[in-house]
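The same subunit A turns up in both complexes below, where it pairs with subunit B and then with subunit C.
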Partner chain A sequence: MTIILVSLLFAALLGAILALIIGVAAKAFAVESDPRIETVTDMLPGANCGGCGYAGCADFAKAIVEGVAPPNDCPVASAEATVRVADYMGITSEEKEKVVAVVRCSGGISDTVRSPYNGVEDCRSAVLVAGGAKGCDYGCIGFASCARACPFDAIEIRDGLAVVHPDLCVGCGKCVDVCPKDLIILTPAAVDVHVYCNSPEKGAAKRKVCKTACIGCRKCVKASDSEDQMLIDGFLIATNYNNPPLPDLVEKAACPTTALRLATQHAAGAYEGVSK
Partner chain B sequence: MADNILAITIGAILVNNFVLSKFLGICPFLGVSKKLSTALGMSGAVVFVMTLSSLVTSLIYKFVLSKSFTINGTAVNLSFLKILVFIVVIASLVQLVEIVLQKFSPPLYQALGIFLPLITTNCAVLGAAELNVQAGRGVLASTIYGFCSALGFALALVLFSSLREKLDLARVPVPLQGTAIGLITAGILAMVFMGFSGLV
Partner chain C sequence: MSNKPRKFRGGVHPNDSKALSAASPIQDAPLLDKYTVIVHQNIGAPPEVLVKKGDEVKKGALLAKASGFVSAPLHAPTSGTVTAVDKCDGPTGLRVAAIEIRADGEDEWGSPFEPITDWQNADAADLKQRVSDAGVVGMGGAGFPSHVKLSPPAGKEIDTLILNGAECEPYLTADHRLMLEQAEDVVVGAAILARILGLKSAVIGVENNKPDAIEALKKAAAKTNVTVQGLPVNYPQGAEKQLIYTLTGREVPIGGLPMDVGCVVQNVASAVAVNDAVVKGHPSIERITTVTGEPLVNPGNWRFRLGTPISKAIELAGGVKVQPAKLLLGGPMMGFAQNSLDVTVMKNTSGILLIPAEQVSQYTSDPCIRCGKCVSCCPMGILPATISQAVENERFDLAAQLNVLACIECGSCSYVCPSRRPLNQHFKRAKAEIMAARKKK
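Our next item is the complex of A and B:
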């Protein structure tokens, strides 16, 4: 009993003495740093995602205070938060268009021809071995490298397919860097219509391995309001993000393979099981 | 005494190298060895902290923990608290050093930078203190042992990071690139250091 008491007392005493020493030293040797850095850090989202190119929010805040970086370099902060930081610093900040990531593939594992793959469950590893479990050489491998890279849990793997939730995505671009198939692009958040296919193969070849590939039938191009809303590149059609079509194009075009989708409905799972 | 110190020096740097034969401090060994410049920064911080912490912990052990005293007729010896005390003391010591450095030597603070707080709870630092107690070394011998162990760590780290810089230019098979080839290199380096065994 005595030993326990003495140990406790000793540990408490030691802790108190050390705390006192450090506390006194911290006060005595305090180094003045710009208090605005801390205030700006508190105003930033605190996600430390590195989307701005700095080593975290505190580092970015330092750059803002030093006038090296504009507040709107933060892809996560809302427009109001950016304006608040700019007002605090007494500078004006231009509003930056919000972007979200889009995985340009709609082929779930049940939609594509399967080839066996028993290796490491990581897209970049799968690419080294044989390209994963799907028949298409251009599609999403579905081993969640992007989902693991996402600091905001905005990517869900559903039926072996990476699906971005546009409401959670902040457009930091971390997933873009890790995707070995370069499938993910950052698109303006205001545009909802996307072609969820990235295969440049001929229509028939694509159809052979994937039920939801874009076969280049041009129904969407004909249904669109003006010529260049949808861009044709060989057998692949893509949204023209500089002149985007309205969301009702999806209904008007009635894409035969459902490769043309609304990002919001795609995320909500509206297209599951509808492929022909 | 001089013989003893020579034995400690050679033993700690080469024969019983902290990283390559005791496998202590593997985390910074692999983590900060990608570039020679960061390896040198880390080495400096480790030498600094391990020497200082060996001195302080051996002082505390000699004058407080190893003493037996009687309270209410019960003999009390607190040496069983040594790991707890050592880690708390080392962490506080590093904190203190960091605060003082930041005030009085900003260039050194910048150079050691993130490495100082990183090694507060490093097993190599605690290991040096613990091994000093186990070997029953005095204060001077403990400090020398801490310093030389850290030198051994620095030697291994600098060698390894130089090798890794060369590896960046070598054609490594794709599955072995990165950490994998680093670990293989570390293993071969450890085998090389085994050649010193029996020297002391």
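Our next item is the complex of A and C:
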């Protein structure tokens, strides 16, 4: 009986002393933190994608509260969520133009010349073996390094080609950094017309290795509404994102190689098997 | 240097398959009507192209001049007209700058250099300048400009010149035939190199599986200060650091160069190129290449001009009797897989190897079973298994700590791995990532 009493008393005393130490320590070493940081963190999407340039949502929230970063730097948050954060902070936030990633290649396995490859299934490793074992030096290797980097599952590998789903992409830019061929660019989400080719080679050389390469025929340039909607760089045409063409250009231009595509239709698989 | 050669740590013994082409004497490849000379044939800065479309060039004329110290000039393989300065399929799978020359059939020398027949008494600096002007590079595979190795910085004392005739890569016999048929040129080349370095002697290391070459060299070197040393047969005996250890017992420190231990290593084919440059006044415009592999009708060794397409080389070897599944430039251990027959012979193309389908296994790699085979065979003494796991997790910092940069990419670890892990590819990736990150800083 006494043993139990002594033990209980001892445990109670020990507890009391430790509680006292913790209590004093909590007061003495308290970390002053702005409670608003936690609130703003909760308002953010919590994807921790790093698209804002900060190390995750909590770090970004801290930057917002400190006034270093505007709330619209988050590419993932919806317009309403951004406004909510801005209202809470008592600032106004302009709506930022939404961007999405575009993989500037349309050469799937069935459209391009490729060699058999048996090695590490990662684009950045495969590129060390004969430049990716693909006839075209500039095209998508298709081993999904970008798809694995995407925190939002917005990139699909279809027929050995990375295809971005514009509805899922938030434009965080993670994929841009990992592509060894520098194929991926961030473009305004409002623009749907893109040239899915990135090879500066001559038209004939491109045609030899890929059915869907841009051969620089300029049909799209002629069909566009104003001169500088499509930019010409040697044998490669690109959309001018500062003065973009309307989506009907794709139909009007009737691109002979289908390199000129609508991102939404490309993601839906509308161009599969149409190349000759 | 008469001490017994040591055995370096690790190494593997793949089937050497050299019998396919070892007995075939070197033949001069017939003149073609068109050569596509790849501009960047050396490690270091690409040379600066001096010709343009329409220019008439004589054989040996300067096509591109060295653009820095670590760079090498390029000369015309034959006389003719420059028809294009454009791109062609390169040995790394990417398209590279190339100069296309339509041969006029005369094959007339423009004679850019005066032969230095009295090289024994010539000034070492003049000889070195000649090696540099002639565009001689390491012809064993790396393509490192030879004159750079011959210019040790102040404070580095060179006391040993080693000629590399190990030719440890399976299938390749180009150096073997060269040492057998042009033993005297090899010895003279060695003596010239020794003179440039201010050394009295040189040693030629040859693997013991080439007894006829050793004998021929010994005969040629009989009255000179050049010695010939047989080496144990062990892949990668021909790797610079392993060769130095075998012959001298010195270990090149990690991240160091042979000059750090007082050695200069040159390939035997480079020595012959030096001989040609000095004694004949010929720039480096041709090389001996082994065209081999089971699918070929007549595997053998040819003296090709730079810019000869692989397809022509295969034609010379009688074409194929069975469809090959893989084409490599170089040997099976370190060679580069090709996806085009338009790639042309360069100064460092030691072999063109065709592999039939039954020898190309398609496999998926399994997890590491920690057997340690790669560790015991690694000639550099690094830990392939551990490093490969770091690379798979993209921990390049860890890979760097584990000295992945010391890897010589000999492929021994991939060769022995029972789980068929693509170790060598992982290391290439890690080295590329680490070097890119260092460049950024």
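Note that in this section the second predicted complex is superposed on the first by the 243 of 276 C-alpha atoms of A that agree within 3 Å, B and C clash if a C-alpha of one lies under 4 Å from a C-alpha of the other, contacts with A are read in each partner's own complex, and residues count from 1 in each chain.
In the analysis below, a contact is a pair of C-beta atoms (placed from the backbone, for glycine too) under 8 Å apart; a residue touches a chain by one contact, two chains touch by 3 or more.
Nothing here was measured: the structure is a model prediction, and the numbers come from that model.
Undergrad: What is the contact status of A:T92 with respect to subunit B (first) and subunit C (second): first, second, both, or neither?
TA: So A:T92 meets neither subunit B nor subunit C here.
Undergrad: Touch test for A:F10: subunit B only (first), subunit C only (second), both, or neither?
TA: Once the two structures are laid over each other on A, A:F10 reaches subunit B alone.
Undergrad: For A:Q265, using the defined touch cut-off, is the partner it touches subunit B, subunit C, both, or neither? Pick first, second, both or neither.
TA: After superposing on A, A:Q265 lies clear of both subunit B and subunit C.
Undergrad: Which of the two partners, first being subunit B and second being subunit C, lies in contact with A:V120: first, second, both, or neither?
TA: second
Undergrad: Contacts for A:L128 in the overlay, against subunit B (first) and subunit C (second): which applies, first, second, both or neither?
TA: Both partners, subunit B and subunit C.
Undergrad: Based on the superposed arrangement, let me know which partner A:S110 touches: subunit B (first), subunit C (second), both, or neither?
TA: After superposing on A, A:S110 lies clear of both subunit B and subunit C.
Undergrad: Find the residues of subunit A that appear in the contact set with subunit B and again in the contact set with subunit C.
TA: 128.
Undergrad: Taking the complex as given, what residues does subunit C use to touch subunit A?
TA: Residues 87, 92-95, 336-339, 362-363, 422, 425-426, 428-429, 432-433 of subunit C touch subunit A in their complex.
Undergrad: Quick one: in the complex, what on subunit A touches subunit C?
TA: Per the stated touch rule, the residues are 115-116, 118-120, 122, 124-125, 128-133, 135, 137, 201, 205.
Undergrad: Which part of subunit A faces subunit B closely enough to touch in the complex?
TA: Touching subunit B: residues 2-3, 6-7, 10-11, 14-15, 18, 21-22, 25-26, 29-31, 128 of subunit A.
Undergrad: In their shared complex, at which residues does subunit B touch subunit A?
TA: Interface residues on subunit B, with respect to subunit A: 71-72, 74, 76, 78, 81, 84-85, 88-89, 92, 95-96, 99-100, 102-104, 174-175.
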